[in-house]
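A single structure is presented below for examination.
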Amino acid sequence: MRPSSRAPDEMRAITIETDYTKHAEGSCLIGFGDTKVLCTASVEDRVPPWMRNKGSGWVTGEYSMLPRATHTRGNREAARGKQSGRTQEIQRLIGRSLRAVVDMDKLGERQITLDCDVIQADGGTRTASISGAWVALRLAVNGLLADRKLSEDPITGKVAAVSCGIHRGTPVLDLDYDEDSAADADANFVLIEGGQIAEVQATAEGATYDEEGLLRLLRLAQMGCGDIFRAQDEATR
Amino acid sequence: MRPSSRAPDEMRAITIETDYTKHAEGSCLIGFGDTKVLCTASVEDRVPPWMRNKGSGWVTGEYSMLPRATHTRGNREAARGKQSGRTQEIQRLIGRSLRAVVDMDKLGERQITLDCDVIQADGGTRTASISGAWVALRLAVNGLLADRKLSEDPITGKVAAVSCGIHRGTPVLDLDYDEDSAADADANFVLIEGGQIAEVQATAEGATYDEEGLLRLLRLAQMGCGDIFRAQDEATR
Amino acid sequence: MRPSSRAPDEMRAITIETDYTKHAEGSCLIGFGDTKVLCTASVEDRVPPWMRNKGSGWVTGEYSMLPRATHTRGNREAARGKQSGRTQEIQRLIGRSLRAVVDMDKLGERQITLDCDVIQADGGTRTASISGAWVALRLAVNGLLADRKLSEDPITGKVAAVSCGIHRGTPVLDLDYDEDSAADADANFVLIEGGQIAEVQATAEGATYDEEGLLRLLRLAQMGCGDIFRAQDEATR
Amino acid sequence: MRPSSRAPDEMRAITIETDYTKHAEGSCLIGFGDTKVLCTASVEDRVPPWMRNKGSGWVTGEYSMLPRATHTRGNREAARGKQSGRTQEIQRLIGRSLRAVVDMDKLGERQITLDCDVIQADGGTRTASISGAWVALRLAVNGLLADRKLSEDPITGKVAAVSCGIHRGTPVLDLDYDEDSAADADANFVLIEGGQIAEVQATAEGATYDEEGLLRLLRLAQMGCGDIFRAQDEATR
Amino acid sequence: MRPSSRAPDEMRAITIETDYTKHAEGSCLIGFGDTKVLCTASVEDRVPPWMRNKGSGWVTGEYSMLPRATHTRGNREAARGKQSGRTQEIQRLIGRSLRAVVDMDKLGERQITLDCDVIQADGGTRTASISGAWVALRLAVNGLLADRKLSEDPITGKVAAVSCGIHRGTPVLDLDYDEDSAADADANFVLIEGGQIAEVQATAEGATYDEEGLLRLLRLAQMGCGDIFRAQDEATR
Amino acid sequence: MRPSSRAPDEMRAITIETDYTKHAEGSCLIGFGDTKVLCTASVEDRVPPWMRNKGSGWVTGEYSMLPRATHTRGNREAARGKQSGRTQEIQRLIGRSLRAVVDMDKLGERQITLDCDVIQADGGTRTASISGAWVALRLAVNGLLADRKLSEDPITGKVAAVSCGIHRGTPVLDLDYDEDSAADADANFVLIEGGQIAEVQATAEGATYDEEGLLRLLRLAQMGCGDIFRAQDEATR
């Protein structure tokens, strides 16, 4: 039995509240159960120095946890004066994942920054961030299309992410904090609607796993991402 | 006429949503109009090194803006590797203001950290932070009292803060972003229920002001804080 | 009785030694009793990036304490790798205060930096810094006028600052270190000759204060600044 | 055809020169073709603060590139004042991978740090680092066993890593720099001798991939790691 | 002819104003012509962690230039967030030089920090710093002896420093800024009264020098330090 | 007797392995006995900002120790976030020493960076670095001449460095770690083939030294550098 009483292949409730803040070109508060992440998309008419004058755009991600998003308070990275390795790893992953579904030439010479700030954490913050960032991006691009700043849609598909793991010997979908702390293996899958994979990161924790285990986790991820794709669809319709 | 069509002595709508996050010992989302700040109170059974073994406690504040809380995206302080002078000034003010209404001996050897994270900014973020931090503190201390970790209430009164300024020659209460950008003088008042002053910070911007001007701003602040005290009262009843 | 035996409305001896260093365009060593601050004005024919090509100038301040300016040695901020919140707060205040008496259009596209380095500290270092910085600025601008780099005087008035506080129930002027450590309230006033206020920062320490208390402190500050204005006048005649 | 003329499932020459430096408890210079990494194992009789007095040990990794290991000179991270996100990601991966084959209770309260410094880079520096770090670790633990500081071998198996990718539509093993720059997908596999997986990191670059692609890359990795396990075996016999 | 019209073996005027600040245990303002350095000695009853419980003491130096000590304003190291290589080199030299004349066992478990802050620079700031630091140290130790905190004098001799260089082919003593900028070789000598050498740092700038040149510079330094030893003697009598 | 059984004027074995890495324009692994330093020369067609558009070039040095080059592991400077004073001192010395034998006008507007990374340390790492950096520089410049990017040789001579010291009363050449730890004086000489001196840094450690001692150390350094010049000659022939 999972601590949360969920079935092994059962996602937590997915909630997406769009236009959560008024200044960002696109925004949502995404929830995977008690995990809540504010995702905003900011459009700027400039690209990083190494991309200038090439006519194509850039999509990047940033990530942070509010200090008391967690069970015990963590120190602010701004106060410590540097971002942790974990933070940098996650924000690099967010950027890569979203770039996998954007045609940079169609975006033109502009940058979209996806800020993912975790308001409340209960496992799966990076996968909720990626899934919510897509919604913020979609809304921001919709605005650019409506304002005729873009003539063609640069978004080539939907991207979503979910974590899976082996908990007490059973592969389970969408780990919450209690499960994550006790899992033998922890895998994050970033999938693209239609069957393609953007990224797999599967790490043995207490115990290693084998090829069969990897495949079973991938199948669960495909089910979970199906649910997320439907929620993204409803939120941005 | 104020850009917002408010009367000179009219506060924006004050909203306080308590228990906004589940991990913090006390929390609220406070709104002064479109300014929204998440305030959390975190209780820890330790004090800073220089206070150890004295039997008394400590209250401190931290402050940050989410990068897209503002009209245009700001850089993350964690990415830049240091907090701005403005951020440090504000978090020192938050700490001082809340300490003005706490009896540190009654609190005992524990620290309460008040994190104020601005979700959306429209002027007055520091005053909303102080006013909301009091609510988070009150809720956290209520919990300590209910759990019998404290036998006496260490909170000695209510504290609230509001900004006032001189806008096109007229003293006005609770500046929003449009007014703040154009004000000749900008003053933040931290008041304690019952008529006492915890802090005044009044700065000439475009034009200087005189003693009479200072007093008129103080009177407006007393009115505004009266409204905030009532809202705090309802939220924590 | 004050520890220093001064009357409540009595300033410490104000000393201003001009042209204290030979390289700066303007400089003085200002003393408020045993508090000694070296103030230099450096003129540069460039402005910060965000001000370029607008034809107007900029005035900014920097502040530091020598490590053994104080009773016990403090760590060097350069060795620690960052400036404290207190230092940043003070240097922002110095810049704002001096900008209140400069017409930036008349100054033209140049920047004047006011460096205030505390040689010896005995309370009131920020107020002595502001008062001395005005002298350094005046001398530097006199030089620009004499060299015909400026045709019109951009300085619109005198600015001075002084601290006041409530010490054992009595409002007193110009706190020294012994009084400052024991004061119930600590207020810094930045005043402009002629009755205008540039900045008030009044903080409750041990006890809060009321409107009447604030006014009594302001009256003392007006007396103290009168003395400083006279000393500035003599020093720059 | 691969730029290197290798068959799709052909590793570059694996070279391992043990005892490359005299101070480290274990060391080797590992080569995957022109990629050369110096791996050292340093044993210390202390563990990180959060692990003290638990009787068990810790294994951690650090990684760096010499500035001219690459085609064009990179800036030194020590001079820039911080480690890049890439560096931190890699050193976290090295530590996790080696910990997967160490029984921390048998290691006792000591820490082994695996430093991987890239002398020359030609693709696959992180996988060569992990593979060489195991050799340095094995040699250091052999020394502890010989000196009777350990009575039981804490190493539970061999770990090796290799990169695979999809190059012009063909899955290929052990990408060199030319292939890596042009690959559509880039995957790093950390495998344990006997068929278990410690970590999979598979990233779509130019194009995404599907489940079948992932499996084909995994099969190649199993072949490559087989070669590395044999080379590790010979080097430490 | 030297720009200053001095004879090749002529020092600038040496001035030493003792007890320049009131808080430090020892202090002086030393001048080598227009170069002015404030040197303070701070005594603390603790030593660095790696020296604890050995019964012997430590002497260390710190160095800084005020931003406008120089012809054009330099950035504050505290604002830039790190000390330059030059600053670190000089403060290491100050510490080593003073330690050469202190018996650490006689000093007992205490640390003396010599802060050298350059108020005005005109060449030779590091040598003036060392020479003035000795005076501050002597005064601080005199105080410890007078207070019977020390029973034996830990100072074993006098140390002084001076720069020499080859200017237009002629070896000259005590370079000022104009000479220093144009010198072919620049040498700093730290000498101990009685003929011993604590440190030589002789650097070719425009042109290299030979053994004979080195010896001629050393002879000049011996003459210059003779003058400084006499000035130190008068100042501390 | 020296710990190493060498005669007082006997160098350790000098080994120079050229073209140690494939990407750098010039490289060698230099050994002074067990001290091994990888020196690379990187040529870039740009100079630092303050040198632009003057038609002349720049030569600079960087230095680092691998964490386990030494008896006990040192922390990585990149992880600590800053370079130590010792590192900065050494890399400034490397740059100055090499610039002493390069005609910057003949080099043209390009920069050569000499990276010296200590693979294994046993005393004399900075002198081995300078001596090896010359070899890397020579090889890189040979390449520029062969490619006709340079028409005239900008290298004006050979530069080499060696440490000498007073060990148990005897002046000895080329200190290894055991001698260095116990030496009374420690001197580094940077000499130019033909009898000129580029730099002397002679520091008293346990005991001071006199003029006669300095000269005896210089004579030893001349002998040692003679050996190094021959080795440089053979390596670059």
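Annotations
Residue numbering begins at 1 within each chain, and the chains themselves are lettered A, B, C, D, E and F in the order written.
Definition applied: a contact is a pair of C-beta atoms (placed from the backbone, for glycine too) under 8 Å apart; a residue touches a chain by one contact, two chains touch by 3 or more.
Predicted model only: the values in this text are computed from it and were never measured.
Between chain A and chain D, the least number of touching-chain steps is 1. Using mean Cα coordinates as chain centres, the one most removed from chain B is F. Relative orientation of chain E with respect to chain F corresponds to a rotation of 180°, obtained by superposing CA atoms and rounded to a multiple of 5. By the residue-number overlap criterion, the interface of chain C with chain E counts as same, with over half of its numbers used by both chains. When chain centres are set by their Cα atoms, the one at the greatest distance from chain C is D. If you average the Cα atoms of chain A and of chain B, the two centres end up 33 Å apart. Separating the CA-averaged centres of chain C and chain D is a span of 59 Å. Centre to centre, using the average C-alpha position, chain D and chain E are separated by 51 Å. Shared interface positions of chain A, defined as residues touching 2 or more other chains, are 81-82.
Chain order round the ring, anchored at chain D and oriented towards chain F, is D, F, E, C, B, A.
Within the complex formed with chain C, the chain B residues making contact are 82, 85-86, 88-89, 91-92, 96, 100, 187, 192, 195-204, 208-211, 213-215, 218. On the chain E side of its complex with chain C, the touching residues are 21-24, 27, 34, 36, 38, 40, 42, 44, 62, 64, 66-73, 76-79, 81-83, 87, 113, 115, 117, 119-121.
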